[in-house]
Structure formats: C-alpha cells, structure tokens
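Shared chain: chain A. Partners: chain B in the first complex, chain C in the second.
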Partner chain A sequence: MMDKVYIIGKDSIPERISLSDSQEFRACFVALAGADAGMSLEIDIDGRDCLVDIAGVCLCTGEQKASVNVTVRHNCPGSRSYQQFLSIASGESRAYFDGLVYVAPGAGGTKAEQQSRSLLLDSRAFVEARPQLEIYADDVECSHGCTSGYLDEDELFYLRSRGIPEQQAKKFQMIAFLSPVLGRLDEELKQTIYDSLP
Partner chain B sequence: MNDILLEIKDLHARVEGKEILKGVNLTVRRGEVHSIMGPNGAGKSTLGAVLTGRPGYEVTEGSVTYQGQDLLALKPEERSWAGLFLSFQYPVEVPGVSITNFMKAAVNAHRKAAGKSELSAAEFLKLLKEKMAFVGMKGEFAKRELNVGFSGGEKKRNEIFQMAMLEPTLSILDETDSGLDVDALKIVAQGVNSLRNEDNSYLVITHYKRLLDYIVPDVVHVLKDGRIVRTGGRELVDIIEEKGYAGIE
Partner chain C sequence: MNDIINDIAGKEYQGGFVTEVAQDYVPKGLNEDIIRLISSKKQEPEWLLSFRLDAFRKWQKMTPPNWAHLKLPEIDYQDIIYYAAPIRDEDRPSEIDPALMETFDKLGIPLHEREALAGVKGKANVAVDAVFDSVSVKTTFSKTLSEKGIIFCSFAEAAREYPELVRKHLASVVPVGDNFFAALNSAVFSDGTFCYIPKGVKCPMELSSYFRINASGTGQFERTLIVADEDSQLSYMEGCTAPMRDSHQLHAAVVEIVVEKGADVKYSTVQNWYPGDAQGRGGILNLVTKRGLCKGEGSHLSWTQVETGSAITWKYPSTILKGDYSSSEFYSVAMTNNYQQADTGTKMIHLGRGTRSRIVSKGISAGHSENSYRGLVNMAPGATGARNYSQCDSLLIGSQCGAHTFPLIRNRCSSAVVEHEATTSKISEDQLFYCTQRGISEEDAVGLIVGGYAKEVLSRLPMEFAVEARKLLSVSLEGSIG
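And then the complex of A and B:
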C-alpha cells in the first residue's frame, strides 16, 4: 500500500524532497481525466539505505494535457528507488512523462528502476515519454523501460465474446493495464479512478 | 426432425489475405454434437473464429444463418447474447479483473439484452457458487484475476465454467483438449456432458480421438484444406485413427 496519494491539480505536491539515512518515501500520483494537470518533483537521496517507491496513474481525455516530471538523484551510496508511471490517453489528449534518474559519482550499490508505460485509445492521442539514466558510479543496478501501445485486439475479442459490450470490455482492459499500480491503492481511490476512465 | 440451429453455406474466409475456408457447408440441429476433425492448418480454428466474429477474419463468400438470423451481421457480443459461445484454445489473461467482476458484467449484459433486470448481488453469488461447484472450483477461484497464473487445465476448466454460467445454445469447443492431462480432460468432458440437452448443440473442434472418447459426437466432419471432405457418424473417428487424415478424401 502507498503511504500517500496525491491527486495532481488538487493536492499540493512537494516540489523537492530530501531523504537522509534510512528514510523512505512512498507515494502515488494520480491525474484524473478532465482538467490539464502537471507536476514536477525532485527527490534527493542524501543518505544510505533510503527507499523511494513512487507510482503514477495519468488519465487524459479530450484535449487535455498532462505532464509528469520526476527527477531522482542518488547522491549517496546504498539506496534504492523504484518508479512506475502509467498513462492512458484518449481523444486528442497529450500525456508527457519526463523522468531522470541520476546516480552521483561515489553512489555505488544504488538500485534504481524506472518504468513508464502508455496506452493510447485513439489514433489522435499523443504520448511522449523520456526516461533517462545518468550514471556516474560503478557497481549499480539501474534499469528503465518505456512502452506505448494500443488495446490488445485478442483480449478485447475474448471479453466481447462473453457478451460484454465493447465500451465496458475496453474499461476492463484499462483496469488490466493499470493493475500494477491499482493493486496498491485503497478501494475508494480505485473506484474514483474507475469512474474517471475514458 | 429437430430444428435447424446453424446453417453454414459455401463459407469462404480469408486471414491476412490468404484464403483459409474454401466453401464450408454445415448444418447443425438442436441437441446435436458435431465434431470437426482435421489436420493442422485445415481451417478448424478459423471456422470457430469466423462464427464468433473474431477481428481479422474476412468472410468473402457464403452465408451463416443462426436461429434464422444472419449471424455474420452481428457483433461478437451480440452473437454471445444470441447464445453462441467459444471455448478458446488460448484463453486470454486479464490482470486486475476478477472472475466475479468479469462474470457479473457478462451475465448482466446477457440479461439486459434479453430484457431482464440485473441480478442482485445475492442472486449473482448464488449462481456463481452453483456453477463453480459444477466444475469443481473452490471459493477463492471467484476472486482470482481472470486466467492470470492459471495452469493449462485451470484455464480450460474456467472456459467450461463460463459456458455453464452463460448457458449457450451453441458452444464451439476449440481444441479444448490441447494441453490437458487425462484428469483435467475428464473434468472438462464431464462438465460438457452434463450441460448437454435436447435444446443446445456443440461443435467440438479437435485433432485427436481422445476428447471424443469422452464427449461422444452424433456427427463427425473431416475438414481438409478449407473444405469438409467427409461427414459421417462416430465410426468415422475410428477410421481416422486407423488411416490418418491422409487416407480420407
């Protein structure tokens, strides 16, 4: 479960966070469909044995724009950071993800993972993801992944073949896409996200 | 003579520009179990896909009439509401969607299409438990994510569970025996056999005799290179077993 959930555009989100020895920061950032949303967050890991575990869900519809900008700096050795950002864009909306993981010289033993996945519902929707790693230390485990795609036709057919109407079947597919993050949220927020699906 | 449920006439279909079905004719009456046998690549699964409206399969000629209506004009969900069911050879995994939520959506969509009100939570749960017991599924099954982490046998049993929930009129079993050990095969066959009655019909697609030892067909068809080359009774299964498909023209 996430310690803290921020609704982008509604809750005030810290712009900069600094962690000292053994501190943890776990949070989820949610952009609901409707209004333009943007966030920018810089996290400095200034101690050992710290954990950063952040996730995001971004739902964009119509002509909405959403941008997520995250920088995680490992300034000290021996800490971990995990990031997972999922976006769904429909209509003519635009979703941007800009993520940087920086590992400073001397920050050996760092583990960092950054994932960004996007689902496009319409051919005119647009996503741009720029995951970046800057590593200046040896002995680190860092990875990033970035994917974007459309709804899976076989999955959609399977659901429809059971009599589930197309629009509802697509919602199930969106839930499936978001499930790695949704599984870590409470029921009330999950429902809010379901209600906001394009 | 029983009512005709499904009538396929001179059906031609293409996948990715390649003609796979080259003039299939088939009539299924209520209460009958038909088996479609044939070698790999004969078009067996294509037939199941075309009948249920899978995208990417283009019908170029012929007609399919199901209970008097043009089946090919219906969307996949409308075919389901009309009583058609396909047990998938490779059921799809849908993480984050529980069996309960998936089945509730399916059952209620069927009820809506039939002009009935949605089931209450209690009514739905009762139905779910009854059908789970029918295929030997335990309580936690309903909470599991659809097909995620299911073994091959569990996936096929889940298909039969869905069939039991939706009570179709025409069920197409596409290679339901593939990847099953003999115990799982028996459970699946038992499920199908106890759902058989004089109103509903089955099209059992298979390579092998094995499944047909348990689900005994009334009519057997051999599909080769996109056409039904031979139709007979169950004795045809033994002839195929003896001579192979090469020996049947």
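And then the complex of A and C:
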C-alpha cells in the first residue's frame, strides 16, 4: 500500500485517528518552503496488531515557521509505531517538533520508535525538538533519537574535490539527508522538493 | 555483588534512626520576623539579612512550579519549623556533643581527624562538613586545607569570615528569583558549605558535605557555594540521610558552583533521603536547585549523581557553559521503588565557542514508582562548533511503574551538533534466564543486571561512594521482584 501524502498547509490533515484491531496507518507529511505550516495529529491505537508508520519532511526558509505536533497513544497491547521527521531550516526560519509516545498501563508488547532530525543551514535559523516518551508498561521496546546539526564538512570536501560545485554538493547532502522519507513520495513531489532546496 | 546483597539482606533503610539531643528551635511558620530571628541566631552581617528579606519578598509573589511529572502533596509553608539546631554544652562550648559524634559514626561519616589521618578506617582522607538539621556541627581538616589557601567551612562561618568572597559569588549562578524553591531557600537557608580553591591549587583530598535531618516537623534548607579559581582542581562529594517518619519533610537546597578559567570540578552526590515506606507514607520531598557556571576558558564541571532516596525528587543539576572550550558532563542513576516519584535530569546551556557536554542518564523504576528524565540542551547563536551528546535509558521492573523521557533540544547555532537518544525496556528475559539457569536467584540476578546497566555511571564515582552506591541500589531493589 502506497503512503498517503499530505501537504501541510494545503491538504486537510485529520486531527485524530483511532485504529482498531490489525489496522494500519501509513502517511507522509510534507511542509514545503515558502509559507508557515503547522500540523497537529493524535493517533490512538485501540486494538492489537496495529501499525503506525508515519514520516515527515519540513523545509523552512526565510522567516517561515513550521511546527509538527504528533501524539501516538498505545492504549492496547501488541502494536507498533514508527515515526520519522526530518527538517531543514535556513534563513531566519524556525522549525518545531513536539512528539509524544504514550504507552498505557497494560499495553505490553508495544514497539515504538520515534526519530527527529534537523539541519541548520544559517546562523539565524532555529530548531526546537521535544521528543517525549511516557511509558506505563514494562514489556515494551521504545526508543527515540533526536539530532540537530549542520552539513558535514568532510562530505562537502569529498564532493568538491571531485569537481562538484559547492552549491550543487550541498544540495546533494540535503537530498541524502532527506532520502529516507523522499523514497516514500511520488516523483512529482520529489522534484518540487529538490527544486525548493535552498 | 552477592556479599553486598547478603550484607544488607533484611536491613531496611539504614539511616532511619533518630538522635536524642536537646535542640533549639525557632517557632513554626514563615514571616519576616522568623527570617530576622534565623539571621540573628547565625550572627549574620546586615547585608545577608537584607539578601534574605529581599528573597522572601520575591518568594511571596511566586507560585510553585507544576510542570514536573510529579504528584506533589500540598505543602503548608506555615507548618514548618525553619531552624533547628542541637544545643551546645555551655561548659564545653568548643566540643561537639558525643551524641552527634555517635550519629555520624553510625552513618559511617568520619569526624575524627586523627583516626582518619592514621588510616584507622582504611579509607582515603576525606574532609567533611557535617550538617545536622540547620547547623554545621563540625568541619574536619579545615586547618590542613588552609595551609594551601583552601577555604572549607560552614556557610555561616564564611559569611562572617570571608564576606567579600561570599558576597561576590552568592546568587551569581542561581539568582534569588530563579524559581520558587530557590527563592524559598535564599530566604531561609540554614547551614551549608562554603568552599574556595585558590588559583592553581589542586585540592589534596576529597571534600564533602554530609546532610542529616533529625528533628521532626522541620525542613532543611542548606546552601552550598563552591568557587574554584583559575587552574584549580576539586572533587566534591555530598551525602544525606534522614529518620523514618510518617509525615513528609521538606528539603529545598541550593548548590552553586563557580568554575573559573582552566579549573576542574567534579561534584558527586549519593542521595539517600528517607524514601517513605512501602505504602508511600512519609519520606523527604527533595526539591533542589543545583547549577554550575563554567565561567572561564577551558573550565570543566562534572556532575555525578546516584538518586535512590526521597519520596519526591525534583532536581536538575545544570551547567552554563559560558567560557570558550569549556565542558561539562552529567552522569546520573535514578532508582525509584514503591511509591517514589522522581523528575530529574539536567540542563546544558551552551554559550561559548567549542563547548562540549555529555549526558548519560540511567533510570530504573520498580514497584508503583514514577521516574522521569527531563533535560534541556540549548545551543546559543555564539556556541560555534559546540557539541552535545545525550543518552537516556530507562529500565522498568514490574508492570505498575512508569518511566518517562522529556528532553528538550533548542539549537540556534548553525555549526553546533546535538544528539540525543533514549530507550525504554525491561530487563531482558534472556539475561535473567542465563543467570537463573546458572543457579543465581532471581533477585540476585536482577541486582547483577542492574549493576551492569548502571556501571557506566557508578564507575565515575569516587571510590568510597561507588561501593555505597552499589549497596544502595541493591537495597532499593529489594522486594521489587515477583
């Protein structure tokens, strides 16, 4: 099944989703450069063997503000959830990520993963991340990872030493950074993202 | 490990006894007169009294923080005795009461300099400032240390003897109005430790404070101020215990550390306040503010904490990395059992160029307890090339407890790198099976696995503390299996 893709600020995004036994929810959220974008999503897993697999890309430029707020509640045992959100902030933009994974008492056998990564391209950009885990059951495997950094100098040097101009090389690095999520989008949208990279 | 567990099997909270000693109290309640009374009892200079009164006026306008993941019982601040001190024998005013000596002996705190010097206890030399309720009863090795220019004394003494130093640094790291509990502490702080290491001096022994709550109905509000001048070096330890009581007792401390250029400070805590009984009655409310300022270039501050006690812990030892290329570490093991609640973590505020920080937090929750990690990593625009790495793991023992991770990452610097990772899981069945199948009982096996899990932090503790911390972890784990 192909991911459902939502453009933040353009498509209407559900605010609450509830999953019952064996249901799956796969989606990608994309915030394109240019306009302020905000989304808030709550997912309740109310059945067994459910799967939540969501991902997102945020491109923030200029004075734009993008915020992503995701809550995943594991209310029943034996389900899985995966989240991956990537953002690139340039100019004076601000990127916010607030994610919560909640595992209710008795929701044993839960597996949850949450990742948020960001790149800062300019010295006036700002990134804030709040990846949170709230866990009330012991038989679980939950993890989150969060990074914030810049384009690696060594990678850039490698590309440039092979004759790729700096701007192009940086673009490659950004595409590589976004690639885990880009792979889930259609060609047309991918091209739009490539074109809008700073 | 087995020996340790056998050693403490059957023993409950070891520091839970009460010392019968005549005490001097101020009346219950909190108002400006009480503050004036505390200040006069401590023969404080005028400026310190106005510092307290200013803090009190600020505090009256503040509200207690409610963002922590804690169920904090209502605290009646008028129902607390803010000062309690053992009365000194008038015939022998310079000597310490034998009952107090015995108390600290029983707790394993060496107050006999001669014995320690002769190595009777087979321990390394440790200078101790022993605080009993609201006063410091004894500071050991002050003389030996003063030969090197090191000042190590009770806070009250420092305020009288070294007013300029104290005045310069007091509240320079934790401002009076920083938070509700810091303001309360600034208004009513009783005793604590003052420590100054001069330029280029490497402190020849470990310094430590030991805090003991004894009187009932009181709160303890100690204040510690550590100043490490340029290129100095210090390792500091802090320990604490309190009697077992059915009612909560408040402990609101402030620790401030100033680290100048090139200085290196290591601050270790083994927090073992009375945690309350198995039904969650009583225990200490541990609401403390600890903060260090890496002021100069290349300064370094390391926090190591083992939190096993207290009914409620609200504590975030933090570092402001102001000096260029300064660095800080935070290593923590927080263990909660029964109905304990802990909300603890750290803040790393990167301001200077090339600053580095590392956070390793290990939470263990058992019984019906709640254990949260809360942290902030902030990269200011000027923190070029700064780096942070955080790792927060939680271990759940039993299905009734909670383990939470609430990190906050703020990055305003395009050449800084922040990395955070966290995991939550229970003790692996495979590891447990491996141990039990070799004849190790389940309880011992859990102790073994938890010991290994916390090893990265425990290995950072000074020798004496590491042994005690391991014992404490296994005591706290007792009865959490099955």
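As a working rule, the second predicted complex is superposed on the first by the 196 of 198 C-alpha atoms of A that agree within 3 Å, B and C clash if a C-alpha of one lies under 4 Å from a C-alpha of the other, contacts with A are read in each partner's own complex, and residues count from 1 in each chain.
We adopt the following convention: a contact is a pair of C-beta atoms (placed from the backbone, for glycine too) under 8 Å apart; a residue touches a chain by one contact, two chains touch by 3 or more.
Computed from a prediction, not measured in an experiment: that's the story for all the values here.
**Q** Contact-wise, after the overlay, does A:131 reach chain B, chain C, both or neither (first, second, both, neither)?
**A** second
**Q** Looking at A:14, would you say it contacts chain B, chain C, both, or neither? Reply first, second, both or neither.
**A** It touches nothing on chain B or chain C.
**Q** Is A:159 contacted by the first partner chain B, the second partner chain C, both or neither?
**A** first
**Q** Is A:173 touching the first partner chain B, the second partner chain C, both, or neither of them?
**A** It touches chain B, and chain C stays clear.
**Q** Quick one: classify A:34 as touching chain B (first), chain C (second), both or neither.
**A** neither
**Q** Taking the superposition as given, does A:141 touch the first partner, chain B, the second, chain C, both, or neither?
**A** Touch status of A:141: second partner only.
**Q** So, does A:62 touch the first partner chain B, the second partner chain C, both, or neither?
**A** Neither chain B nor chain C is touched by A:62.
**Q** State the interface residues of chain C toward chain A in the complex, per the touch definition above.
**A** So the residues of chain C in touch with chain A come to 69, 379, 381, 394, 396-426.
**Q** Flag every residue of chain A that touches chain B in the complex, lowest number first.
**A** Counting only chain A, the residues touching chain B are 152-155, 157-166, 168-169, 172-173, 175-176, 178-180, 182-183.
**Q** For chain B, which residues count as touching chain A in their complex?
**A** 52-56, 75-77, 79-81, 85-86, 88, 91-92, 94-97, 101-102, 105-106, 109-110, 113, 145, 162, 166
**Q** Over in the complex, which chain A residues touch chain C? Could you list them?
**A** Per the stated touch rule, the residues are 105-106, 108, 118, 120-150.
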